[in-house]
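Would you mind keeping the following structure in view while I ask a few things?
In order of appearance the chains are A, B, C, D, E and F, and numbering begins at 1 in each one.
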Amino acid sequence: MQSNCSLTKVYSFSAAHRLHNDKFSDEKNFEIFGKCNNLNGHGHDYSLELTIGGEIDIETGMIIDITKLDELVGLVVDELDHKRLDIEIDHFSEVRASGENIAKYLWDKIVVLIPKPSYLSHVRLWKTSENFFDYKEGK
Amino acid sequence: MQSNCSLTKVYSFSAAHRLHNDKFSDEKNFEIFGKCNNLNGHGHDYSLELTIGGEIDIETGMIIDITKLDELVGLVVDELDHKRLDIEIDHFSEVRASGENIAKYLWDKIVVLIPKPSYLSHVRLWKTSENFFDYKEGK
Amino acid sequence: MQSNCSLTKVYSFSAAHRLHNDKFSDEKNFEIFGKCNNLNGHGHDYSLELTIGGEIDIETGMIIDITKLDELVGLVVDELDHKRLDIEIDHFSEVRASGENIAKYLWDKIVVLIPKPSYLSHVRLWKTSENFFDYKEGK
Amino acid sequence: MQSNCSLTKVYSFSAAHRLHNDKFSDEKNFEIFGKCNNLNGHGHDYSLELTIGGEIDIETGMIIDITKLDELVGLVVDELDHKRLDIEIDHFSEVRASGENIAKYLWDKIVVLIPKPSYLSHVRLWKTSENFFDYKEGK
Amino acid sequence: MQSNCSLTKVYSFSAAHRLHNDKFSDEKNFEIFGKCNNLNGHGHDYSLELTIGGEIDIETGMIIDITKLDELVGLVVDELDHKRLDIEIDHFSEVRASGENIAKYLWDKIVVLIPKPSYLSHVRLWKTSENFFDYKEGK
Amino acid sequence: MQSNCSLTKVYSFSAAHRLHNDKFSDEKNFEIFGKCNNLNGHGHDYSLELTIGGEIDIETGMIIDITKLDELVGLVVDELDHKRLDIEIDHFSEVRASGENIAKYLWDKIVVLIPKPSYLSHVRLWKTSENFFDYKEGK
């Protein structure tokens, strides 16, 4: 939805992952994923910036009820928190748990949970303080 | 105005507010605004990121004279600084001093002050480091 | 306690306050406290860095049980969160709610709650990102 | 290119510059550029956020090979690092080394180096933590 | 060594770990380590602040040659980077890879590598932006 | 002075410098100072954390009058701001403008300006976000 105003809330989680593709040789896996291909995994502190755009409600002054938003997003984030993503989250057994794919995963999970799906306008996922990934659909 | 380049300047102010709607019962006010409904108010350190987009002047290399911009925006920000917004700023006696509404208020005040109003392209208001609000019109 | 290792945990709260001394004239109050003397208060997002120093337990690898620490400190911080300190917290009706005094207050409240008081080694209170206050006793 | 996903990588460099226009009188130079007109230059720690938007490769989960991106951008950034921009970088002998122009310069240099130029979607240049400049073309 | 001046350099690495003690029952492990006991590990982006205190050399103006310091510390940090600490680093097969113990490990590794061991004055290890661990000996 | 409480205020300035020693050959200068030896200088955004320790005044709740502190420190910081340190600041024509020496310079300048010199307890100078320098005397 095209609107003038949006709010963004920051959420955090810590997780481990290994980037690997069974179709590739060991050499190619290392060439493409480098240290991220390490067999036993490694980890990051992820920070999710979730943006909700929409009309400001005149009575409350707010676009969305933040408490409810926190509950819904908490469900999605808690599932990833303190996990080894490529082993414990089904979606990432086939799909690489790259920043790009985790950002898309968060969008797909959250868009079906929030009351007005068209209000979801942007997902930004920080992976280390030097690196972030943006995802949004249909704008 | 659609342009390739923009500059953003960060400004700060500290203020108190109470979120409340006289039309609501006490219960509903608490349900909707939670701790932010506290009678005596509470406060935040706000950070404003103001974005000006436009042509780069060939002689100066700049989109806008930053010193003049600082003076104009300073007028608007100083009015809010160290105030109880819902008591001391007329606009917020009727309108909830939520992040969304403060962002819109800043846009409305600044757009009539700057030399080329069409250059104003984005207002972002941080409230705590976990929460920000974006406002822009007519893009 | 003098020890080689310490852990520090960060906690946040938002509050309003007014700096004022009834013994001073209005002029003197304004001269000393400036904008912080504003009758209706103003506010900040405070960030508390709490440091616990002590022996590393061999079996757990930890100085203190963080979950329990969070519970105890949460009690103290929640009491201040979203409050007008000089009106709603008894201690600050007489004592100025300055950064210095809030830091001391946090030390005094926390030192009597934690299992090994001698482990409390440092309280740092950030008030805006340009200003912090340190408090520690008997080192 | 319009795509749903992008990645952003942060790069840093430190440089000195003087803002000055030979066509202006000394008075006008000082009026326009203020302290930045200081004859012997002054400096900043710049931080570049480079955004690449495009399709997520199914096999790798990535939009672009980050190692190769780092190499290419490294060439451009190293040329500016620890330099006096208006004296040592030809481009800035005529063109003011303002934030706006450095952002555009980085875009122009990088867009011809990366494998898929249409993937370059955004350049953000931080100059101090209070000031940033955005540049993008043809979106 | 007691000196008036010190320099601190920041280094980063990303790693996974699991907190677990074979001597404890599954219940006790979960009670003590919580989510950090997750079998497949989880991860963090660690940030190391290394402080070197000592005399300022008159000819160079520096306490230590930073390039050499970076090389030495790089050896220690690279060994941990992108690893599963409790599986791949011998020291952490017996000793819990807690923030406290990693900080001590870094001290022990670095103190024997730097030219003047007495100059090592402080190790601070950030694990998430809400949590850090300090380690220093013999001061 | 040994006291339980201190306040720290953050100040910023931007400056250029060149690290060089006339007594060294060109090769040795480059070997020791690397890119920082660049003839035309380079620059940084410095951030000064100034710590004042002392008794909390009962009437004001404050250790020191911050407005007066800002004025005094402003005098010292403004002298360095937007300057080429090794050319324009006498002290640095002979003494290398390294982080260590700038920290010491700030201490020496400020300690003679503040009302109670013994209250000055710590100077921290950030030079880039990866590097800081601490200076304190007689504690």
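Heads up, the rule we're going with is that a residue touches a chain if its C-beta (ideal position, glycine included) is under 8 Å from a C-beta of that chain, and two chains touch if they have at least 3 such contacts.
Fair warning: this is a prediction, and the values are worked out from it, not measured in the lab.
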Shortest chain-hopping distance from subunit C out to subunit D
2
Touching both subunit A and subunit F: give me those chains, sorted by label.
D, E
Measuring between Cα centroids, which chain is at the maximum distance from subunit B?
E
When subunit A touches subunit E, do the two copies use mostly the same residue numbers, with over half shared, or different ones?
same
Once subunit C is fitted to subunit F on CA atoms, what angle does the rotation have, in steps of 5 degrees?
120
In whole angstrom, the CA-centroid distance of subunit B from subunit E equals 42
Per the centroid of Cα atoms for each chain, what is the distance between subunit A and subunit C, given in Å?
34
So what's the Cα centroid distance for subunit E and subunit F, whole Å?
28
Give the residues of subunit A touching no fewer than two other chains, as numbers and ranges.
129
Listing every touching pair of chains gives A-B, A-D, A-E, B-C, B-D, C-E, C-F, D-F, E-F
The answer for subunit F against subunit D in the complex is residues 12, 14-17, 35-36, 38, 40-45, 81-84, 87-88, 128-129
Complex contacts: residues of subunit B adjacent to subunit A:
19, 21, 23-24, 32-34, 95-101, 103-104, 129-137
Under the stated contact criterion, what part of subunit E meets subunit F in this complex?
4-10, 51, 53, 56, 59-63, 65, 67
